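Shown next, in structure tokens, is the structure this report addresses.
Lettered A, B, C and D in written order, each chain numbered from 1.
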Amino acid sequence: MTPTTPEKTDTPTPILVVKDLNVVFRVKHHAVPIIKNISFNLFPKQTLGIVGESGSGKSVTALSVMKLIDTPPLLHMTGQILFQGRDLMTLSNRQMQPLRGKELGFIFQEPMTALNPVLTIKDQLVEMIRNHLKVTRREAVDRAVSLLTEVGMPNPGQRMRNYPHQLSGGMRQRAMIAMALSCNPKVLIADEPTTALDVTIQAQVLELFRTLQEERQMSLLFISHDLRVIAEIADQVMVMRDGKNIESANVDRLFHSPIRAYTRELLGLIRYQ
Amino acid sequence: MFQSKWTYIGAVIIAVFALAAIFAPWLAPYNPYDMRLAEQLSLPTLEHFMGQDANGVDIFSRLMHGARISLSVGVIVVLISGTIGITMGLVSGYYGGWPDTILMRLVDILMAFPGLLLAIALVSVLGPNILNVVIALTVLGWVSFARLVRGQVLSVKEREYIQAARTSGQSDARIMVVHIFPNILSPVIVQATFSVAGVIIAESSLSFLGLGAPPGTPSWGAMLSEGKQVILEAPHVSIFPGLAIMLVVMAFNFLGDGLRDRFDPKSTIN
Amino acid sequence: MMISENILECTDIIKHFPVRGGIWRKGRNRIHVLNGISLTIHKGEIMGLAGESGCGKSTLAKAIVNLSPPSAGQILYNGRRVSLDSAREKKRFYKDVQMIFQDPFASLNPRHKVGGIIGEMLRIHGASPADTENAVLLALKDVGLDSSALDKYPHEFSGGQRQRVAIARALVNHPKLLIADEPVSSLDLATQHRIIELLKSLKSRYDLTVLFISHDLNLIADFCDRTAVMYMGSICELISADQLLTHGRHPYVRALIDSIPISDPRMRMKKRTLVSGEVPIAGDLPTGCAFHPRCPHRFDPCDVHTPRLRSLTADAHQVACHLY
Amino acid sequence: MLLYIIRRLLLLIFVLFGVVTLVFMLIHMIPGDPVDIMLGDHAIAADRKLLTENLGLNQPIHLQYASYMAGILRGNLGISIHSKRPVTDEILERFPASVELMFGAMVVALIMALPLGIISALKPYGIIDNSSMLISFLGISIPNFWLGPLLIILFSIQLDWLPINERGGIEHLILPSITLGTAMAAMLSRMIRASLLEVLNEEYVRNARAKGLPERKVILKHALRNALIPVITIIGLQVGVLLSGAIITEAIFDWPGLGSLLLDAIYSRNYPLVQGCILFIATIYVLVNLLTDLTYAWVDPRVRLE
């Protein structure tokens, strides 16, 4: 999957279209715009990397696609989020539920806090599977085991009976990924999935993301503050800075001939190391 | 915000009661010991707008003098037990080791007695009077401060600015006083406020049981205890002292709640 | 820069923490965090200490400054055994040896003004108010802050500025040895770059010796003269920093280097030798070489004998691995 | 988990040992001659001699302590002065009444606190939240020795729905249980609200929603289950408030429980009985705390599988 091919996919219709997304938070009685007119497309089987420093609004963008931003602090959200042509903005929370996890998978940054500490990995996996798929408990458990194997969890049958606090950082993140993939979502959104990991584990997880995407032909929205990680994984890149889309481009063009000064500055910093 | 206006209301109520307590001898319309048996249990009238108790004493005057006892006991006990508790908690939390284990085991033992039980036992042995109440409540009170401060110190002392202080060559004592203490002060102040409320309830409970202020003294608990005997024919004798206790205790609870929100914004949710 | 005698010598530093295993299994289950570290730092050099989380690099730093004294082993500062029993000894040692920490938001007392935070370091050594005032202003200027910072509280500064205050505090008494425990890890890239430049200039101006701890091999390679790489409580390789990324020999060090994401999509990670598995959680040390369960080049002696640091070439490049 | 239990049991034995020692010292803190105080100064010499021997006050202190401890191990808490009956029997006679009252108060507390706490966390700053905040403030602030008489005035005198005192059927239990349970209900609802609000902000709750689970399941299975764990410890501690509050509530309603037995013993200077009651109540509290700790450890896997 080399990034050199300019247009990743042949079919032009994107699976996810975000148009003029505006998100405003209420902070101490006044409205603070967090996301300002963000637009991007995500094509099937493509990885879109969103990069920006902390506070650039990249995580809020990811959460807005899932419509998971709580009120407070959310004041209002405008624009369009078209998933397979259907505008999620018009959907109520109840209507969003069948999509979340089934069509749109989400992976959080801190696996330690994103897994329920009092439920085993097996419970949390089986719960998700049986919530979306009409399968017996037995089938769900088997599916869970195969998922954990797919994400590289050693002896999954035994491991999955553990609680999150009994697993290492890498293992927990693999469990998170297995959970997010359990119902074969068409789009997987990963919010800084490797930031909390050591560099050797991060490399393993990035490799896992690449193989999974190829085997499962799914689209990936990958959020990170680290341009080097984006270089390893993304086909298309959007650079964000305090809520605005500074520059969007194919990963190869962005790294070799960046247009905006801010992008060059970011690239300069990592190349210096 | 719900809390903030109630905090000020709390502060105002406390101020009013404090003034009543300080200026009781001058402001109170009647002498709290002046018995007029002829007018016993009379309902509120213009002269005695809270009525008179079983001995014909003006209830409002007794309440004002009662404020003096309740508030002073509350403040004194919290000040003494606070000082003891903070010092023990600070030293034991900072140094750890066997002094810490000894303190914690002592705390475990004292904590094994539910709330008032030990106070009741101590007062029943030492003899029922206000001084013994103060002693008993102080013996109990310092434990909660020690536990709170020890817990705070254990978390603060791992912070990097304390490790920096420990590598600056200054003495442990200075680190505790200059660096640790200011950073554990806010939860202690919040605890102190709630403790005053707790002590006021404890003092009046003991007096209600006849183990605190002897009958006849202008203590809210004693007044309620007397009121219980005549509850059928003169309920008003119980109503007013109970109201006073409730108002003061609620005021301190509001104040404590508000202080906690102001000091620890994260906790505004509860 | 002539590197003469040693400023700090650690020999066989061991540190283990008792696990609350209960009364019976007291002896058996202890987490071994340092398993015999011997390290010498020459006067005037920047010594790197690299490794992933849990390898014990911060514990070693804390052992050196006696924040958490080692369970065994010896530390010599300027050839003399470090003993901090009396207040006088403590003052003398901490005048020469200072430490800066990772989290700028936690390393400054939130209730003290910046003037007090830095001034305190001088008052402890009995400086007069006038001298203190001047020294603090000088220290602030050294780190690029002006006198307006004196009366401000830490929460009024950005992460980068706070780290500058921490550096000013550490250097105001002109120490000889500065231990920096991941000083820039929690800062964004641009600020990291500026703080590293600041440390470089202060190091040369005050002829400091620095022990620089980081998990970022690129940063170590650029900033340090020499570096040790740690894995599960022991040093697996000692190498000059500029050769780290190119001449690292130990399989774990090779894996670390291969794992660093490369900032060029064209060199995207094909199937480079990725190390498998992870550091065991409970810290129960594998027999022989600690890395053998995850090592692609494992062979017979690896899980039996623990390899010792052996020098490979003239310039004191040492590796602890049976392959060499 | 086994180690946790063993450690807790060892601690329990130590604490009980400390409690017994403290209670033993109580008698020796009486200013003046304990026998005079207990029997009053006009008692005849025979009774005085009998009491002195009975309490072993004529022996050196360490022997007294040893025999006291030995007695306790055999379940003998000495003889009650006036009734001349073993203290243990008098205590066990009154114990069921206290348990009934405590149970009633606990039920009242949980019925009030659980719904109020949960709803006000799910709809913060709503009407229910604000009103429950006010109610809980009232609950904490109204002393039970005022609430009791008020309830009596209202329900017994004015409305005459409920009997005033003595123990009997359920209707006798209602007012005392409410009096005793309100303070606990107030404290508990605040704790449940705080704990649930904190858990609702956790990432695993947001993750549960991201998994597409229905909101009902997110709240019940993920949020509430984690939120109620710390509440267990608080319930354990609140039992202490109930135990001491029961003493007063029993006094108000003449409820024939341990509390009123203790008070009568104090008023009549019957120190062996005072000693016995205090020791018994404290032991109950220590055992309840142990039970709460073990339940907490069992429910929270992070502790269970330490």
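Miscellaneous remarks
Criterion: contacts are C-beta pairs under 8 Å (C-beta built on N, C-alpha and C of every residue); 3 or more make two chains touch, one makes a residue touch a chain.
On a predicted model such as this, the values are computed, not experimentally measured, just so you know.
Steps from chain A to chain B, minimised over paths through touching chains, total 2.
The chain pair sharing the most C-beta contacts is B-D. Chain centres here are Cα means. That of chain A falls 34 Å from that of chain C.
Between the CA-based centres of chain C and chain D the separation comes to 53 Å, rounded to the whole angstrom.
Those residues of chain A lying in contact with chain C across their complex are 2-4, 53-54, 154, 166-171, 198-204, 206-207, 225-229, 231-232, 234, 251-252, 255, 265-267, 269-273.
The touching residues of chain B, when paired with chain C in their complex, are 159-161, 163-171, 178-179, 182-183. Interface residues of chain D facing chain B in the complex, by the touch rule stated above, are 11, 14-16, 18-19, 22-23, 26-27, 29-31, 124-125, 130, 133, 137-138, 140-143, 145-146, 149-150, 152-153, 157, 190, 193-194, 197-198, 201, 239-245, 247-248, 251-252, 262-263, 266-267, 271, 274, 278, 281-282, 285-286, 289. Touching chain A in their complex are the following residues of chain C: 52-53, 188-190, 192-193, 215-216, 218-219, 222, 255-256, 258-266, 268-269, 274-279, 281.
Residue ranges on chain B touching chain D, taken from their complex, read 2, 6, 105-106, 108-109, 112-118, 120-122, 124-127, 197, 201, 204-205, 208-211, 221, 224-225, 227-228, 231-232, 235, 238-239, 241-242, 245-247, 249-250, 253-254, 267, 269-270.
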